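Given below, in the form of structure tokens, are the structures.
Two complexes, one shared chain (chain A), two partners (chain B, chain C).
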Partner chain A sequence: MAHLICEVVYRGIFQKNLASRITRGIVLSARKAGRWGIAFGRYGDSPQRNGIPAKDFAIVADSKEELEQHMARYEPKELHVTICVDDTLGKGVESWAWYGLQPINRLLLPDGHLLVTSTQSPDDLLKDIHTKDSPYHLWILPGKASFGGLWVYKEDHTEVRILGALAKIAPQFLSIDAVSEAIREAEWGSDLKVDSARKAYERIESRPVRITEGNPETPYAFELPRWWEMREGVTIPSLPIGKPIEGTKGYRPERSTVFKKFSTRTMRPVIDFDTCVKCTLCWLQCPDSCFDVMPDGLYDANMESCCGCGVCEAVCPVHNCITMVNEAAFEDNASQWEMWRRDKDAYKVWLTEKIQDKVHVARSHGFRYRGQYEEELASGSDLGGRPVTEGIPGENAEEKGLPSTVHVHESASIVTGIPEAPGA
Partner chain B sequence: MAEATIFANQTQTLEPFKGVKKVTIEEYFSSGHRTCQGCESALVMKLMVKAAGPRTIVLGSTGCMYVANTTYYSTPWVVPWMHTQLGSSGSAALGTAAGLKALMKKGKMKAEPINVIAFCGDGGGADMGLGAISATLTHKEYNSLILLYDNESYANTDIQLSGLTPYGAHTTFSPPGTVKRIIHTRWKKNVAGMLAAGHPECRYVATVCASYAVEMMNRVRKALTIPGPTFIHSLDPCPKGWDYDPMLSHELGELAIETGIFPLYEVEDGVVKYYGKTKAIVDGRKRKPVREYLLKQGRFAHFTEEDLAYFQAKVDEMWEKWEMPGVVAFRKQPGAVPSVN
Partner chain C sequence: MAVATRPAPAAAVLEEKEMLISGSEAVAEALTLADIDVVTAYPIRPYDTVMQAIAKKIANGKLVAEYIVAEGEHSQFEIVKHASTVGARVFCGSSGVGWMYAMEAITVTPALRVPMIALVGNRALDDPGAFGVEHNDALSVRDLGWLLCWIDTSQEAFDTTLIAYRVAEDRRIFLPIAISADGAFLTHSQSLTRVPPKEWVDTFLPPYRRGDLLLHPDNPITVAPQVNEDWVIEIRRQNNAATERAYTVIEEAYADFRRIFGRGPENPWFEEYMTEDAEIILMGMGTLSLPVKVAIRKMREDGKKVGLIRLRWFRPFPHEQLTRALRRAKAIGVIDRDYSFGSPFGSGVVATEVRAALYNAEHRPPLIGFICGLGGREVTLEDVYKLTDICYAAAKAGRAERGTYWLGVRE
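Right, the complex of A and B next:
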């Protein structure tokens, strides 16, 4: 009698398809080895929101009865493996229906496994990942986060590479042969993807994490009212109105005490206050009301409510005044304006470094024009060192009647026979 | 004396904002909402109450702006807000306005003009709530504003088709296939035009887009200062349902106007007035091709040149053949003799 419980923590919508493929792949691989399994999503995370953390689960068991025993639970509370497909989630998980910040390793059992897709080193990741009261293993699958969007799926082999890595982590449940077989036969129909899974299996390595290692900060938490403390009916106290800052013309809107957006962003704005022309557009167009109006009329992005959408960068008329930078490049949520006020020269150095941090700066969630996805695939070599995507014809290529060697760029622009006039 | 004027539909005095620097600094819809990154509808909520001010009651019918904004025990609202059922934004607006009036008349609360705004999504407003909105727009004795925030799908429940989903868009109800590429073949409803044309008692109907924030807020202010029921239709780019990088929300709103797909106009006391970029287009400025707008969105990723041409032709038709460009779709009977009075 044995079982394996895995969760996939991902960015809602952007990685929705990726996460479901991973959990489905786990179950299908387990079936190839004669085991039983189930893949499902966290109820509270659906309907999902763009970029907001969400979870999928996969449970594998030796027998049907044992699986049913675990299925009876609402959602797993203890895990053998956590798979985190965007390393900015190392800062914790605050899903759209979740309260407080849940450390990424919180549900891991002692000696459990945390698998992260990342270009960072273990030590860099551990600056974000909270400490845990029991040791665990950290595995890093080299690669950028795979953001596909809702309708367009990015076939960059991340899902099969994770399956390959998982075969190394839990060989007693998923042998690499079973994983290969599942990839080849059951789901994706591509030998190239089998190769990717096998390479990941060979190369992946773990590093033990001691209880002293990690981010020592206490994760953000709060007390929900008890049922007898609640008001009649389903009423929620509204937010108080924001107040001027210390008797100046500055203004800080009141912010929610129960939902901070510390983990809902993959990017954050950095602001060059020296070039700001105070046009107000970032403040006006921010859907999250994240900009505080400072006493000198500048706008300070408050990390309590920044969702990382980048609209402020898009509307800012000054070149490089607001730049979106990968969230992984930051260790705290402190005010940039105060940092700039304290020491403008040091701020300039800090800002320049952040903006030029090319490894981290580029992170596109969806695509910005038609064809970008195909272009990215065609030129897509991830930082693992090999072009993982060349010549991918798409899943189950043979069944779909697509030539299996055709270049992605051609096969993706599907223009088939048009049976009738548009609008007919 | 003051009370008598309240009962005669007195509204608040809300002067238009003269430029972005004059916009109210206070937020009445702040953080704590659980929307997507780059959610333009959340921006509409924020700007809507910013324009309306603190003495406002907001009613929200079911949709993403209800669910994401009031997930258990958290809310971004500073002004009073109440959830109302999916199809009943119109009824809720009317009932709240009537209730306030009755309470003031009976002396149970201080007599003062209070803004009543009910918002609904395109599913709640253009599909199932349309009848209730229509009814509300006939009750001229109650001051209320109904704001339809249109993200062109049922975006809360994972992107199903609504009556306002554009032609050919990929939704969970209209996934493109290899044999049949275009599943959704219906053209978008013209809600603002329909409501303006059919409700003689409604003195103000407008279309807005939050990419033009000050103009949008001024339309909200005007709607709230005109006695009786008023209606505003707002086009909200939705990064989830439209499938684009959240950073593009603002730009896509602008493109919808510049391509002429969503015209900006207001109908005040029966007079149609175009404004902003749309006015420039009516005055002869060239529209941008619709492909610039469509090809930035994943939901149109399956479009071929033929589909783009069809979409462009339909938009051209709206501008060239309609009785009023983008507003009234009636056409004159060819060769008809003008009526003689």
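Right, the complex of A and C next:
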């Protein structure tokens, strides 16, 4: 009697195909040793949409009966392994909306394993990941968050590298040979991918996490109403209108206390208040009414409400006034405007650093030309795809050949990766 | 079939292969082997997983079929309905309110004797916007002339899809069939599934021949003319006769399926689990069988004799077979993943039907309805223990204290 339960926490749409390949790979690999398994996805509010946290699961067991025991619930409540394919999800997820914030390690059994794809160090990751009342193991698969799973799968080998790492974590269920065989046979497999998996298997290492380590904040939660407490007719009260700030000079809209949106965010806007011309466009266009009107007429984006859509960056008419930066570069949701008001020079330094942080700014969107992965294997760089900031080679650019033809443009948009027009 | 422009590529293997696929993908596998001709698509979760899987089949050259993206569910069902009248083997489906949006087209289909197969990825009926499983969407066609069944596993999804074509396209029937699949639990869960070679499927499933009802220049007929009050009751009577014949045709189809594929249930109507000596028989449809079976195994360890009947076919309703199977029970607990507000005893739909079926039976054990797992909420082992206890109490008293209990509600 033995079983293994894994979840994959991923960003809806961007990583949907990636997550399902990982869970399928787990079951197919375990099948090589005669085990039974099931791979399944669960969806909640706006699940498989842009960036919404979602989950896929894989359960493998020695016998069909044992498997059924674990399937006889909506989703697993205890896990051996959590696989997190975007390290910004390390801050917690609100996948099934309105339950509060679920720490990424919440369902892990004592001594369980948390596997994260990340370019951050364990200590940096643990600034985000909540503390847990039992020890566990943190594994980092070096690599950028793969957004290769968008619609069709753009290969960046993240799925097989995770399977290789998993063979190290749970060898009694998936031997590396079984993983290799399953990858070779899968409709998306190849020998090169087998090499990738084996490489990850050899290199991956874990670090024990003690119960004292991690983000000590208590994640927000709330009680669900009983049936007789709820209003009838599916009515919910609207939010009250907002309140003025500092006399009547500023204004802050009221926001829901039971539904925050920041766990959907992979990037957040940072605002250069010194160059803002107070045109109101960001305030008008933000789909989530994030902006507070500050007493001096500037606009401060509320980071508990911001879903990271990037609309404000797109509409702001001032060059580089709003810049979207990878969420992993931040540790809290504090007000940027307050920070700026306290110390404008220190804010400028902070802002400049954040915007230029190429490690965090970059995301992988899969390989851009044939042979790119072979090149990365040869160069020893193990980041899984070229950073999006390196730009996209235009139509047939040098037959999509060498990366040397791709310029890193200083003012490349972080959202689209497309260099802005000269003189923009 | 009459409209596909080229034959689908022949399958290369002659033996069954094992695939790791979801219930939705299993349906797509069956549709490919059944070589359907026309499929329509309009997205709604969880049904959309089926149309995605079929689109992939077509894109990869595994299936040659017309894939028509409609502008809404209503058109989707109208398109396949008409394609079927010209001899195309068709497929379509929806979920929740999408299914309801198509209701006008769905309603007029049985009278036209169109053997379309539809998949309902069961989903709660809005409002509120909810994606979890409830059975009321599919149950809304229960009185409209559709045949209606529930599946439980990817394997059953595959097998039942083939069986459904065989039954629906039988000239004695020519009625649409809705196959119900629990959203998420089945549509989004991949399990190991045996997929047979095309040759076996061809042996089981003859080509769709519409015969005298084919809409074709060589067979000049009008389909769906205006009829007035002079004809309506007769048309309904015809539909009823076809539905009656379905009892025989379904049993024949399952027997043939077993003969050709070497698997499949003896009893098409429902699955019985540990019922031979059961004092308490629990009943339900779809994937709630899983927690119920696991709970039964645990309760058996404690000496409680509990069994499960999982209904596969709901229309036609297997009342005779069911009364026989329920003969020995001391009490019956029916778990409904649906509701029927204001119905007798405030029961769910299945409980009401089973009560009606038992009315003429000699032995009528107390029957208790349980409404559970609505909107995709988990039916837990604790729920099953609790409802079994209530059934035991009723068995002891010889009568049920209440007709219906709601379980798992925040009280």
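By definition in this document, the second predicted complex is superposed on the first by the 349 of 424 C-alpha atoms of A that agree within 3 Å, B and C clash if a C-alpha of one lies under 4 Å from a C-alpha of the other, contacts with A are read in each partner's own complex, and residues count from 1 in each chain.
Just so it is clear, a contact is a pair of C-beta atoms (placed from the backbone, for glycine too) under 8 Å apart; a residue touches a chain by one contact, two chains touch by 3 or more.
In this text the structure is predicted, and so the values were computed from the model without any measurement.
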Touching partner for A:357 - first (chain B), second (chain C), both, neither: neither
More chain A residues in contact [chain B versus chain C]: B
Touched partner set for A:225, first chain B, second chain C, both or neither: both
Which of chain B and chain C A:62 touches, first, second, both or neither: neither
Partner chain in contact with A:311 - chain B first, chain C second, else both or neither: first
Partner chain(s) touched by A:52 [first = chain B, second = chain C, both, neither]: first
Partner chain in contact with A:41 - chain B first, chain C second, else both or neither: second
Footprint overlap on chain A, comparing chain B with chain C: 47-48, 224-225
Residues of chain A touching chain B in the complex: 13, 46-52, 96-97, 99, 149-152, 224-225, 236-242, 251, 253-256, 258-259, 261, 264-265, 279-281, 284-290, 293, 304-305, 307-311, 313-315, 324, 364-370, 400, 414-419, 421-424
Complex contacts: residues of chain B adjacent to chain A: 20-21, 23, 25-40, 42-43, 46-47, 54, 64, 67-68, 70-81, 156-159, 167-168, 170, 178-182, 185, 187, 210-211, 213-214, 239-241, 243-251, 295-296, 298-299, 301-302, 304, 306-307, 310, 314
Contacting residues of chain C [partner chain A, same complex]: 20, 22, 45-46, 127-129, 131, 184-185, 188-192, 290-291, 293-295, 297, 376-378, 380-381, 409-411
Chain C partner contacts - residues on chain A that touch it in the complex: 20, 23-24, 27-28, 31, 36-45, 47-48, 65, 68-69, 71-74, 224-227, 234
